[in-house]
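Following are the structures in question.
You will see chain A twice below: alongside chain B first, and alongside chain C after that.
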Partner chain A sequence: MGRYILFRLVGSIPVLMGVVIAVFMMVRLVPGDPVKILTGGGARVTQEQQDALRRQLGLDQPLPVQFVSFVGNLSRGDLGTSYRSKRPVSDEIRSRIPNSAKLAGLALLITIVVGVLTGVIASTHKGSLVDLATMFVATIAVSVPGFWFGLMLILFFSVRLGWLPVSGADSWKNLILPAATLGLRSSAVLARVTRSTMLDVLSQDFVRTARAKGLRERIVIYRHALRNALIPIVTLVGLELGALLTGTFIVETVFAYPGLGLLGIQALQTRDFPLIQGIVLVTATIYVVANLCVDVLYGFLDPRIRYMS
Partner chain B sequence: MSMIDRWDSSVDFMTRSIEIPELSRSLASRRKFLRLSAAVVASLGALPLLAACGGEDDETPAGSEATSPPDVGPTATAPTDSPTQTPDEAGGEPRRGGTIVQAEVADADNLDPHRYYTTFSSNVINLVCERVIQLTPDLELEPILLDSIEVSEDALIYTMHVREGVKFHNGDTLDAEAIAFSHARADNELAAYPGQFYGATWEVVDPMTVNMIMPEPNSGVILILAFTGCGIVPPNAVAEMNDDMSQHPIGTGPFMFKEWVPGDHATLVAFDEYQNPRPWIENPGRPHVDEILIRVILEEQTQIAELETGGVHLILMPSQQVARFEGNDDAYLIRNEQSTTTAYLAPVTQEQADGTHDWIEPFNDQAVRQAVGWALNVDEIIEGVLGGLAVRNRSTLPTGNPGYSEKFQDMGFEYDPDRAKQLLDEAGWVASSGGVREKDGQRLSIVFWSQAGATFERIGQLVQNYLQQVGFEVVYQGIEQAIFVDRRLSGDCHLVYSTYNWNDPDIVWWLGGDTSLPSGHYVKINPEFDEIAQQGWLVTELDERGDFYYQASKIMVEDGAMIPLWNPVFVDGVRAELKDFKHGAQGRRFFNDAYLEG
Partner chain C sequence: MSVVQAHSSLLGLKERESRSFASIVRRRLARSYHAVAGATILGAIALAALFAPIVAPADPLAMTIEDQFQAPSGKHLFGTDEFGRDILTRVIYGARYSLRVGVLATLIAVGGGTLLGLTSGYFGGWIDGLGQKLIDVLLAFPGLLLALMIIAILGTGLQNVLLALGIGGIPYYARLMRGQVLSLKEREFVEAARVIGAGDTRIMLRHLFPNTLSPLIVVASIDLGANILAAAALSFIGLGAQPPTPEWGAMLSAGRDYMRDQWWIATFPGLAIVVTVLGFNLIGDGLRDALDPRGLE
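Take a look at the complex of A and B:
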C-alpha cells in the first residue's frame, strides 16, 4: 500500500506540471489586460504609466521568460504577489482555505448523508411513490443551477423566515445555506447512482441468502448490500469533491462567503494572473489528493482489490 | 458589477440621478458658483483655464470654479441648501455607537489616497483622508483643512493658511509641511495621475503657511485640490511605511482606518478627535457611530436580500429594484441628483496605414453613423430597461455638469426610423430581399458590443432590434468586462455601448480626445472639434465655456461620432434605522451626522 501511495504521488507530479503549464498559458491567452483593469480601464492614464506598470508586473517580458520566472519561484514555494492587493499569493490563499475547507467539508457531509440515504430508501422502495418522488426531486435538483438555487434558499430561509444570515462568514450559521446549496445538488447525483447500484446489488444471490438466513432487513441493507455498493459510490464522491470545489466559485459569490472560490472569481475579474495561477494550482492539488484517497479507499472497501504486485 | 472606478463604461453604469426640480436648483447653484468663479478670476487677472486632465473622482470639482474660504472676500461662498438626507430630516436624538454596514459590488485596488483607481478605494479614502478644500452638496467650495487661501495677482502663487489644531489619526499635527508633501506626492510619477497639478511646486513659508507655485496661470488647478486623490497624509507615517500607504491610509477624516481584508471588507472606526469644519453638517466632532463596515458583495441580489433583512444598511440600488422599494417601511431610497455620467453609442475608429484615424466600414460613411442615431427609440429604452432612472440627453455634456443648459438638447437625434431609412437610401444602402441593406454587394452588417450583464444586454438587444428595423444586420455580443475594456478598440466590433464620467464641462473634449475610448481619436479626425473644444479651457466665464462646449458637442454628435443616449440616475437604498445619512457633492456619502436608531 505504501509503495502504491508513493507511486501515485510521484505520478501526480506530471499532472501538476501539466496544470502549471496549462494555467500559465490559459490566463494569458484569455483576452483582458491586467494593466488596463488596474488603471481603472486605462482612461486618462498615459501610455507611459501603463508601460511602467507593465514592467513592474513583469508583463513586458516574453512569455517564455515569464514562465521560467514563474516556475523558478514556484520551485521555491513562491506563488508570487497579487497584482491587486500586493500581498503574497500564498498568504491570500492561506487566509481563505479554512473557510473553503469548512464549506466543502459540510457540503460533502450533506452530499454523502443525504445522497446515500435517499438512494438506499429509493432502492428499497422501488416503484413506490417514495421512489418516484425522491428520484423526481433528485432530477430537479441536478437540473437546477446552483446560482439560482442559492438565491432561492436566501429568499426563503433568510428573507422570508429570517432564520439564517444572508451572506458573510461571521458564524457557523453562515455555512448552512451555501453548504446546502452545494451539498444538496451533489447529493441528488449521488442518490441516483446509489439507487441504481443498490438495485443491482439487492438482486444478487448473497442478499437473498442473507435474507434466507433470517437477518434483519436493516442489516441486510446496510451491512451487506450497501457495503457491496460502495465502490461506485465512493468513486462518485471523489468526483463530486471536484464539483464541490468548482461549485464554491459560484456559491461563495452568491453568499459573499470569503473562501477560495470568491477569491478566484475576483482574481479572474481583475486578471490577477499570480492569484489565478495559485488558486488553480491549489485546487488541482486538492483534487489530485482527493482522488488518491478514493483509490486507497477501494482497498479497504474491497479486499479483493490489490494495488501492485 | 463594477470593479473599476468611475471613468469608464463598464464600471459605474449606474450613477447619480437628476430630477427636474432638483436640476433647476442645482443649475441655479452652479451659475452662482461660476459667477463667483468669474469674480475670482477677474481679481486674479483673468487667468486662462487649461486642460483639466488627471484628477478623476466623483468629487473632483467641475467647471471653472475658483474657491476660497469665507474670509477671502469675493470668493467666499456659503452653502445655502440642505444636503440630501433621510426622510426623517428633523431627526431624533442621535444615538451613539453601532456599526453602519455598507455594501459594494467591487473591491479596492489599494487604499493609498494618491495611488488608487477604484470606487471602493475612493469610498474608503474619502472617509479617512480629507483635502484642503472640498465641495458642498451645492457644488460650492469650502475650506476643510485651511483657514484661508489667497491667490497672487499674477495667479501664479496660491498661499494656503493651514487650520490650527487639526490632528492626524496617528497623533501628528497638520502643518504646511504635510500639505506640501501630500500634494507633491499626489503629483509625482508614482501617483495615479502624475502631473495633475499642471507643473505646480510647493514651498513651505512657515509651519502653517504653504505656497503652491504654478509655472503658468491655470485656474483649473484649484479644483484638483478638492479631489479625493489629493488627500492630506502625515509625512512621518508615509516614511515609516516606506512610501506605501496602500494597506493603511492615515488622514484627518472623521473615520480612522482599522483593517482591509481584500475581497471581503474594510473597517473604519470613528476618530475621537475629529473636528468638523463644515457648516452644513450638524455634528461638530466625533461621528455618532463607532464603526463603518464596508463589505464586498459581488452579487446584486444578495445585496438586496441583505438590505431587506437588515444585514446591510446601505447599498447602491440596481435600477430594476427601485420600484420594489418605493414605499417600503424598512428601507428608503435617496436619488443622487447630480449626474456627471453620459451613456452613449460610439462607432469604433481605427488607425489607418498612413497614421490617420477613421471609422471601420460601414461607419466610415457619415450617413450610416447618423442613421444609427435616428433609428433608436431612446425614451423607450429608458422606460423599458432602466425604469425611467435616466435623463435623456442628446448632447455629450451630462446634465449634472457645470455649463449644461437646455440648449444642449437642441442637437442630436430623435426616434425617426423613416429618416434613418432615407439617409441610408440616399447613401446608396438599398434594401435587399432579406431585409438587410446592401451597397455595391456589401451587406450593411455590423458587430455591436456592450459589456456583459443583464441591464447592459437588455439595452444591447433593444439597440440591435431598432437597428435591424432600418436595415442593419447586427451581431450583438455582451462581453465580459475585462475583455470589453481590453478589446473594444481592437477592430473586433464596429459599434459599442459605453458610459463615461467626468465632472467638468471639458468632458466634451475628453469624449473625443481620451484615446482609451472608442470615440477618443475624434480630435485627430476633426481638427475643428479639437480647436473649438480646447477654447473651453481658455475662458473662465461659465456661459462662455458652455458656448464652446455646445459647439463642440454639436459637431461631434451631428457627425455621428457619438450617439449620446442618457445620463444615468443613481439611487441609494438605505435601511430605515439609519438616520441622518447625507449626501455631499455629487452623491458623495457623509456619515458625520448619521446614527442607528433603536
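Take a look at the complex of A and C:
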C-alpha cells in the first residue's frame, strides 16, 4: 500500500508542474499590454509609472527569466499583490478558504448521503413507484440550473417563510441554502449511477448466496452489495468534486457568500490578474490533491488496483 | 426457461441478426419514451427559436413603460418585466442564444477533442506521451475552471463564453476518444484496411472514427445541455451576455431584484432553461440505451 501511495504521489508532480506553467502562461496570453490592462487602459497613468510597473512585475525580462522568478516567488508562498485591494493575494485567498471549505464540505456530505441513499433505495425497489419517482426527480434535478434553484430557495425559505438568511456568512444557517443548491445536481447524478451500479451488483451470484444463507436483507444490501458497488460510486464522487469546487464560484455569487469562488468571480469581473492567477492555482491544486485521495481510496477498496501499478 | 420462451428468444435472435445496427438503433429510439419526449421538446424549442420573429407576440427589445410589471395574463402570457417588455417574447428569442451557444461550444469541444484523441491514440509513442501530458494538465482544472481561465484571457461576453466552454471541453473528449482508439486500433478491420493500402488519415477518419461515434454521441448530447446550463450561469453572474440581450441567464440576473413581488420575471426564463436542458438529457438517456451494444448479440 505504501508503494502504491508513493507511486500516485510521484505521478501527480508533473501534473502540478503543468498547472503552474499553464497558470503562468494564462496571464501572458492575454491580448494586449498587461500593464495597460492592469492600469485599466493606461489613460490616467503616465508612461513613467507604466514603465515602473513593468519593471516591478518583471515584464521587461525574457519569458524564461519571468518564469523562474514566478516559481521562486511561488515556493515562498508569494502569489503577488491584488491589483484592486493592494493586499497580498495569499492573504486574500487564505481568509476565504475556510468559508469555501465549509460550503463545499457540506455539499459533498449532502451529495454522498442523499445520492447513495436514494440510489440504493431506488435499486432495491426497482420498478416501484418509489423508484420511478426518485429517478424522475433526479432527471429533472440534473437539468435545473444551480443558480436558478438557489434563487427559488431564497424566494421560498428566506423571503416568504423568513426561516433562513438571504446572504452572507454570519452563522451556520447561512450554509444550508448554498450547500443544498450546490449539492443538488451532484446528488442527482450520484443517485442515478448508484442505482444502475447496485442493479448490476444485486443480480450477481454472491448476493443470492448471502440471501440463501439467511442474512438479513439490510446486511445483504449495505454490507455485501453496496461495498461491491463502491468503485464506480467513488469514481463519480471524484469527478463531481470538480463540479462542486467550481460550482462554488456560481453558488457563492448567488448567495453573496464570502468564499474563494465569489472572490474569483469578482477578480474576473475586474480583471485582477494576480488574484485570478492565485485562485486558479489554489483551486487546481486542491482538485489534484483531492483526486490523489480518490486514487488512494481505490487502493483500499480494491486490492487489484494496488497490485496492478 | 420454458420451451416457448426459449423458442421465442431464439426467434428474436434470428430476427435481430438480419437487421443492421443503425436500424436497430432507430427502432429502439422510436420506442424509447425518453428519446421521443426529448426530441419533441427540443423540436418545439428549435422551431420557436428559428421562427422567433413570426411566433413571438412582440419585439424582444421594445420598452413600453406603461406596461411595466404586468402579471401573466391573456395579453402577456408570461407577464412583462421592469421595462414593460413581453417576457414570452424574450424567452422565445432567448432560445436562439442558448441553442447557439450549446451547439457551437459542443462542436468545438467534440472537434478539438476528436482530433487530439484520435491522433494521440493512433500514433502512440512520443506524440501520445505529449498529448497525454497536455490532457492531464488541462483536466487538473476541473469543471468550469478552464472555461473561466479562458474568459480571463479573452474577456467577457457571450461569444467568449461560447469559445471558453468549447475549448474547456476539449480535454474530456480527447480522453474519451483516445481510450476508444487504443482498443480499436488493434482490431482486424484496421489491419485489413492497412493491408489494402489505406493511409493513416484514411484509417483514422474512415475506419476508426465511425466506430467511436456511439459513446461520442451520448456524451455530446448530455454535454449540449450542460453547456447551455453553464452559459446561462456565466451570463447570470455577468461574464456572458449583457442586458438588454434576451438571453435566459442575463434575464434572470436582471429579474432577481424584482422576484420578491414579480415572481414571473425570474421564473419563466429559469423554466425555459430547465425544459431545454431536460430535452437534451432525455435524448441523451434515450441514445445511451439505444446505442448500448449489450442486447445486440
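By definition in this document, the second predicted complex is superposed on the first by the 260 of 309 C-alpha atoms of A that agree within 3 Å, B and C clash if a C-alpha of one lies under 4 Å from a C-alpha of the other, contacts with A are read in each partner's own complex, and residues count from 1 in each chain.
In this section, a contact is a pair of C-beta atoms (placed from the backbone, for glycine too) under 8 Å apart; a residue touches a chain by one contact, two chains touch by 3 or more.
Given the structure is predicted, the values throughout are model-derived calculations rather than measurements.
K.L.:
With the two complexes superposed on chain A, say which partner A:R87 touches: chain B (first), chain C (second), both, or neither.
P.N.:
first
K.L.:
Just checking: does A:A256 make contact with chain B only, chain C only, both, or neither of them? Give me first, second, both or neither.
P.N.:
First partner only.
K.L.:
Contacts for A:A212 in the overlay, against chain B (first) and chain C (second): which applies, first, second, both or neither?
P.N.:
In the superposition, A:A212 touches no partner, neither chain B nor chain C.
K.L.:
Is A:L161 contacted by the first partner chain B, the second partner chain C, both or neither?
P.N.:
neither
K.L.:
I'd like to know which partner A:V19 touches here: chain B for first, chain C for second, both or neither.
P.N.:
second
K.L.:
Taking the superposition on A as described, I'd like to know which of chain B and chain C A:V10 touches: first, second, both or neither.
P.N.:
neither
K.L.:
Touching A:T270 in the superposition: chain B (first), chain C (second), both, neither?
P.N.:
In the superposition, A:T270 touches chain B alone.
K.L.:
Applying the touch criterion given at the start, work out whether A:L129 contacts chain B, chain C, both or neither, answering first, second, both or neither.
P.N.:
neither
K.L.:
Enumerate the residues of chain A that count as touching chain B in its complex and touching chain C in the other.
P.N.:
Shared contact residues on chain A (touching chain B in one complex, chain C in the other): 30-31, 151, 155, 159, 253-254, 265, 269, 271.
K.L.:
Can you check the complex and tell me which residues of chain A touch chain B?
P.N.:
Against chain B, chain A makes touches at 30-33, 36-46, 49, 52, 82, 84-87, 92, 95, 151, 154-155, 158-159, 162, 165-168, 253-256, 258, 262-263, 265-266, 269-271.
K.L.:
Report the residues of chain C in contact with chain A in the complex, numbered from low to high.
P.N.:
Touching chain A from chain C are residues 133-134, 136-138, 140-145, 148-149, 151-156, 225, 229, 232-233, 236-239, 249, 252, 256, 259-260, 263, 266, 270, 273-275, 277-278, 281-282, 285.
K.L.:
Which residues, counting only chain B, touch chain A once they are in their complex?
P.N.:
It is residues 1, 3-11, 53-54, 56, 107, 109-110, 117-118, 189, 192-194, 244, 246-247, 261-264, 295-299, 301-302, 305-306, 308-309, 311, 480-483, 485-487, 500, 510, 514, 516-517 of chain B that touch chain A.
K.L.:
Can you name the residues of chain A that touch chain C in the complex?
P.N.:
It comes out as residues 14-16, 18-19, 21-23, 26, 29-31, 139-140, 142-148, 151-152, 155, 159, 241-243, 245-247, 249-250, 253-254, 264-265, 268-269, 271, 273, 276, 280, 283-284, 287-288.
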